[in-house]
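Worksheet: one structure, shown below.
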Amino acid sequence: MRIGVFVCWCGSNIKNTVDVDAVTARAKTMPQVVYAQDVQYLCSEVGQSEIGQAIDTHRLDRVVVAACSPRMHETTFQKLMAAKGLNPYYVEIANIREHCSWVHTDKEKATVKAIDLVKKAVAKTAFAIPLTSDQLPVTKRALVIGGGIAGIQAALDIADAGYPVDLVEKESSIGGKMAQFDKTFPTLDCSACILTPKMVEAATHENIRLYTYAEVAAVSGYVGNFNVTIKQKATSVNPEKCNGCGDCVTKCPKKVPNEFDCGSSKRKAVYTLFPQAVPNKPVIDRDNCIYFATGKCGLCAKVCQTGAIEYQQQDEMIENQYGAIVVATGYELKVPDHLGEYAYGQHPDVITSLELERMLNASGPTSGKVIRPSNGKMPRRIVFIQCVGSRDRHDGNPYCSKVCCLYTAKHTLLLNEKFPGTESYVFYMDVRTAGKNYEEFYERARQQGAMYLRGQVSKVEPLGDADNRVLVRGFDGSLQRQVEIAADLVVLATSMEAQPNAKTLGGMLGISTDLNGFYTEAHAKLRPVETQAQGVYLAGVCHGPKDIPEAVSQASGAAVKAIILFNKGQVKSVPTTAMVEKDRCSGCMQCQPVCPYEAISQEMVVERVHGKERQRAVATVNRALCQGCGACAGLCRSGAMDLGGFTSRQLMAEVDSL
Amino acid sequence: MMNEIYEPKIVAFCCNWCSYAGADLAGTGRLKYPENIRIIRVPCSSRVEVAMILRAFQNGADGVLIAGCHPGDCHYDTGNYHTRKRIHLLTSLMDFMGLSPERLWLRWISGNEADKFQATVTAFTQELRAMGASDKVRDLRCSR
Amino acid sequence: MRFPEKTASNSQREDVKHMTGKEVKDCYQCMKCSAGCPMASHMDRLPHEMMQLAKLGLLEEVYASKSLWICASCMACSSRCPRDLEPASVMESFRVTLLRETPNREETCDGDLTVPRQAMIASMRKHRR
Amino acid sequence: MMMVKLPGYEMLIHYLQQGLGEKQVFVPVSEEGKEGHVPLGSLNKVDLAQMTALTFQEKPLRNSIKSLFFPDTETYLTYRKEEGRMVMETPGEMMSQILVGAKACDLESLNLIDRVFLADPVDTLYAEKRAKTLILAAPCRQQGTYCRCESFGVDRINPAADVTMYQETADAAEPLYLKSLTPAGETFLEEMMKCGTEGEAVAVTEIPWQAVPPGEKPLSPQEVKDQMDTLFEHPLWEELAMRCLGCATCTYYCPTCHCYDIRDFSRQGQEAGERYRTWDSCMFTSFTNMAGGHNPRPHRKDRIQNRFFHKLNYFVKKQGPLACVGCGRCGDACPVGISMDTVLNRIGGDRHDA
Amino acid sequence: MQSIMASITQSIQQTAAALLAAGEVDLVLGYTRGERPHQSVPFVATTPAAAAQLHWDPFCEKALAPYLMEESYQNKRVAVVMKGCDARALRLMISESRVDREKLVVLGVQCQGMIPREKLEAAAGEPLHQLTLTWQSEGVELTGRKGSQTLSYEAVLSPFCLTCQHATPAVTEVDQIIAGSGEKALVKGKNIPPKEAFSDIETIEKMGAEERHAFWMQQLNRCIRCYSCRNACPVCTCRSCIFDRENPDYLDAAKNQPAQHQFYHVIRAFHVADRCVGCGECARVCPEGIPLHLLNQKLIQDLTQHYGAFTPGVDEVPNPLSCAGAHEVDPFGKEAKK
């Protein structure tokens, strides 16, 4: 065996803290190392060709690269190995940048550590075995989870590329949060006017199949071959028969708060989510339906001329195969009643931004009029409070919800335009307008009269006057003093939050959530729509707070990722799969239940013992299913199960090298 | 000599997807921590065999850190649950045998918890320094 | 401070705009004016505060402030304002407004001789030019 | 030959303790029912009654004395890398040692091992220990319940030690008689006499001690060997294999088994390590595992058969005597009750049947 | 008592002879009297005549299940005498594909509990070869040189048998139950609570860490690495043992390193953690008397306490260590928070 060691300076990144010369010199004395060299930038073309030349000149068959994290450049070096006719898994990386030079200051100690890390890599690579990957077919159908604007966009893009898409939405209509909005910043386009055509397009697209009022119940499989169980909740209305006349809705005697209007209006127990709903077929909310509670009523069934009402409908489990999954599950708004100082839920005139949005909407509960919920009169003085539950480590979410600055500016503008004479005061900590034309939009809001006060509100309380106004106590950082404003209406910019079931769904999909419950992308900068799970992509706010254009562009990005996968038509299997040493294996199958991919099964092998054939059970790994976690190898008693790239021999060698 | 700080040797097994990434992020963020740790990369914390942990101790490690994704965040779905169970039992058995279970840590460190990685390594190093050297699990033929 | 029920109307603010050609509502309180003002240490209200008060329509407070008369009209603020609002001109407009109402104000000639009289400075600036 | 009378066992221990600095002394001790020789210096408390009882009991200690001459693990050399060069070290000279309370069968087992280890090429590690160890042995008055020393021709009354110990009753307070058999033994006794114990250690000419004479006729090694030659295909071996667990208990407890394996231990980046030998057992599958994967004794039957053939046939052919001293340890320790008797009874039975 | 022992012996002999005579099996694996007094050892009868040597008494301790994996038993139809613990192990072996149930005739014995010879000798205060035993209903009557005495069965039975809940194999697991006739209950206190069963563990747990270490050092240092514990264990069923692995060598052969002994015993305990049937063979066969069962029991206790009760060889697989999930305790989450 002829191991070559290459130590990277990474410019000054490594060289400043690690004595690169010493590491190289020391590497030369390590077992089986026949060549060592330091290079300024190994990842550069020059660096790569240096390695290439050394492989030729010194007939190297294994390479150790002491440089940055393998998560950074492992593929780069693996490709180089392949180009040199060596197995890509014959290169081992010693992470002397992220794990050494960047985290230490004492050059002497850092050098000792770097040497150890190189030693470890040399020890590991000495036992490397060649690994290859297989080509696996891809099911060319995509699943989009979530029918908000991001999900719709992703579905449309994939469908337009010619691939079938299933769009799963938990509500009875697609549209998501955007359907609730009145206008969109910074253009003040009517939200419905730009959304509805997309919804209709999605519903009518020949490549798109909608599953509304449905949820993902189970996911198994892997990239290119996911098996997904969709739970189609019973709508109690036969969509084939229903003609959407709405008679059932009119006749339904049961009224419940309308979630779509944040509870500020009523809907029936049989209802369509909103007038432009797609599909525009009502569903029966069984939790509130009198028939389902008592077995009596049945008015809707009586009035329905097409006989579409079907009380006996059952939830249905539908199983489908997909090659790729786009997650676009969106967000929820944090109900701000946890912050007592803002009196939300205590004073009717303290409302959330979405409630104001609904009021501003012509099809909303007030038909576009802004009123004080307490008395129905028009408010003259409105106080907006920013960062309610956002940027709040103590009692909310630590992150910035990103869109509140702009929609508040939008609200002040809309108020000023629709109802001249209203005064808008905005209490804020920072105003963030990073986005095309956002600063201009904000400026416009100020120019139109919105009064911005830098400082947070500490208390909202009843003023006790005849108008039942509220007193907002805040601070003006410019004037350096406390200020009090008697307001008619207080609007809270509530925080965007991950869906409460994000973690559960993430668990099914094999993608992780960050501390805030948003899905984690594969790489913060370079792979922002991919996830750790191959074939699962992110779109929209489920990944973190975003505005509409961002959500839409990410959705298109996710769609393209899926399309790329479908165009290729094949995926490469993970090369670092589990493998069974059949001679050692007892066939006890303790490993079988450990495998999350059901990749392990039992097979019978025939051996010859003293000239006689004998059958024996052993475990066997389906390389297509195995994702290479090694949980089986960690459990195997006899050591028959091993993991390519991380064999027991290699890991032991690493442990022994230290 | 007595005043000299004992510099413990720490062997860490970090899962590729969370903890190794967390350690990488600590590097990217230039977060400083003691030099005592040597990280072995594993695809999942469940790949670590009990034998490897004991082997590290035999070879003179003063502490072994297993770091994986937070429960529920495992890249492989369930791997860290297995780790959790195995290490739980191992810790308990080590305690039962008086083999200093406090020298074996299992921690959940996600890919964006660079600060937690830093804090964990720093705290572990400090605690091991305070504990000093131990020969309870070391093969006496291995130097410290 | 409780906000008055009625703040300055937009028309009052328009007056300032008319006089200076500047829109105080544009001020976004970067405080650069106050940062560079050589007279800041003598003022009861800093230039940015004057801008903020004007913006909020709290003109009574603006007119009550001595800072109007401390301002040396050095124009440092105006030359640096990122919003191009010329705070010095805004100040001047307030002074002018006040002087139009009451031409002989005490503040124009107060006894503190360490601080130059605003009128004199203004005339010096005018005439040197 | 020299004979000395001590007032009691305590006196001997006292003397041995005085000389502890220069010599390592091993005395018989029973810990939780497990008997063996341990360094006198390591004892927190000397239990004289127990020591006396163990010394004069009519069977050997459960752990044989072979580990004092042939330890279960023994370092040949250690090595490390220093400035790019390999530096090797061998263990230093050992301290002289005194072994108290051996039995005749123990000494006979050493004689058997001597034939192997002291023959050319000499096993220097073993030879050094043999040369530097003074043995104090005690005879057995009669053959123990599970002992077969008489059958294997061991003279239990006259152990071939440096010094023999006698006591009328196994009572620590009773006088202890010592008789030297070798020059080294004589020097030992002389020194003891000199060593500040005047009046208490006295030279005597007679030792009041009587033994029960042997009642069994010794087996003839040649006859046993010949009989074994006819038994190679006997079903007995398969029967035993079906019962044997394949553990190493019999071989490790056997005082005459002397197989070992040579291994390298190298961790920490292979920059330091050691080469050592450690007991191996012919009962292990790995014992005959060859590099290419071939195993000439693949089955338990082959292995258990080999073990008994080695003791009762091959050793006789090569060395003359039977490689068993009839101590009965294998039968005591075997988890499934296989002993030398198990085989001998069958051999005898078959001979009678025939 | 005497009668049940004799009738079980007789029943085994008759059944074995019949099976052999009918050619239904090639051999019967059971017990016979050993060479030492009051010793019973594994025995294979291959002819109806040899079946007369089969024997049953409370000294038939050795677990027979592991033999079934041995080469000598392959390609043969085997009838095997099994106690409850053995049968549990057998079920485990079957589920782990280590034996072919089709080729077996399982004779499940209504086990009355086993008596360790050392325990009996200690209780008797006299060497075993001097004793004659009579099985009385209230206990075992010992007649020796010092006279006669009767010891209660609780005083002499193996602690493993005293807490055993599955003395007689489940009917579903065996082909025939050999119950014998006569008075049955040798063990009266069958319902000894687990807490008592694990009393040794509690004693050790109460020690300080240093004391525990010293205790186990003293115990494990005696280990001679004879592997009898492994070889006797009815659930150590691996085709090739990790400790025999050469590359990488998991276990170093040096017998003078406590660390290697610890390694062997920790891993050994781990490998049977969720599979141990509590037969106590590991501790019984250890020639050095190391209380190895404590390590197994400690793990069983931990598993039971934190992950719910599981009886290997009785409950359905998967075994606790082969499955893990979100619902389980997280002893490491809280710690990490501080």
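All chains are identified by letter, namely A, B, C, D and E, in their written order; residue positions are counted from 1 within each chain.
Keep in mind that, in the parts below, a contact is a pair of C-beta atoms (placed from the backbone, for glycine too) under 8 Å apart; a residue touches a chain by one contact, two chains touch by 3 or more.
Note that the structure is predicted; figures quoted are calculated from it, not measured.
Considering every other chain in turn, the ones in contact with both subunit A and subunit D prove to be B, E. Think of each touching pair as a link: the shortest run of links from subunit B to subunit C has 2 of them. When you average the Cα atoms of each chain and compare centres, the chain farthest from subunit D turns out to be C.
Of all chains present, the one whose mean CA position sits nearest the global mean of protein CA atoms is B.
A count of contacting C-beta pairs for A-E and for B-D identifies A-E as the more extensively joined pair. Work out the mean CA point of subunit C and of subunit E, and you get 97 Å between them. Annotation: 32 Å between the Cα-based centres of subunit D and subunit E. Measuring from the averaged C-alpha position of subunit A to that of subunit B gives a distance of 30 Å. Per-chain CA centroids place subunit B at a distance of 37 Å from subunit E. Under the contact definition stated at the top, not a single residue of subunit C touches 2 or more other chains. Shown for subunit D are the residues in touch with two or more other chains, namely 265, 267-268. Among the residues of subunit B, those in touch with two or more other chains are 55, 58-59, 70, 72, 78, 82, 86, 139, 141.
In summary, the structure contains touching chain pairs A-B, A-C, A-D, A-E, B-D, B-E, D-E. Every residue of subunit E that touches subunit B in the complex is listed here, in rising order: 201, 204-205, 207, 209-217, 242, 250, 252, 254, 257-260, 262-263, 266-267, 269-270, 273, 295, 298-299, 302-303, 306-307, 320-321, 324-326, 328-333, 336. Looking at the complex, you find that subunit B touches subunit A at residues 9, 11, 16-18, 20-21, 23-28, 30-33, 35, 38-44, 46-49, 52, 55-56, 59, 61, 69-70, 72-79, 82-83, 86, 110-113, 118. Interface residues of subunit A, counted against subunit D in their complex, comprise 29-31, 119, 123, 656-658. Taken in their complex, subunit A has these residues touching subunit B: 69-72, 95, 97-100, 102-106, 109-110, 112-113, 116-117, 120, 503, 506-507, 510, 512-515, 520, 532-533, 576, 594, 596-597, 627-631, 633-635, 643, 645-646, 648, 651-652, 654-656, 658. Considering their complex, residues 74-75, 96-98, 237-242, 245, 247-248, 250, 271, 317-319, 321-323, 326 of subunit E touch subunit A.
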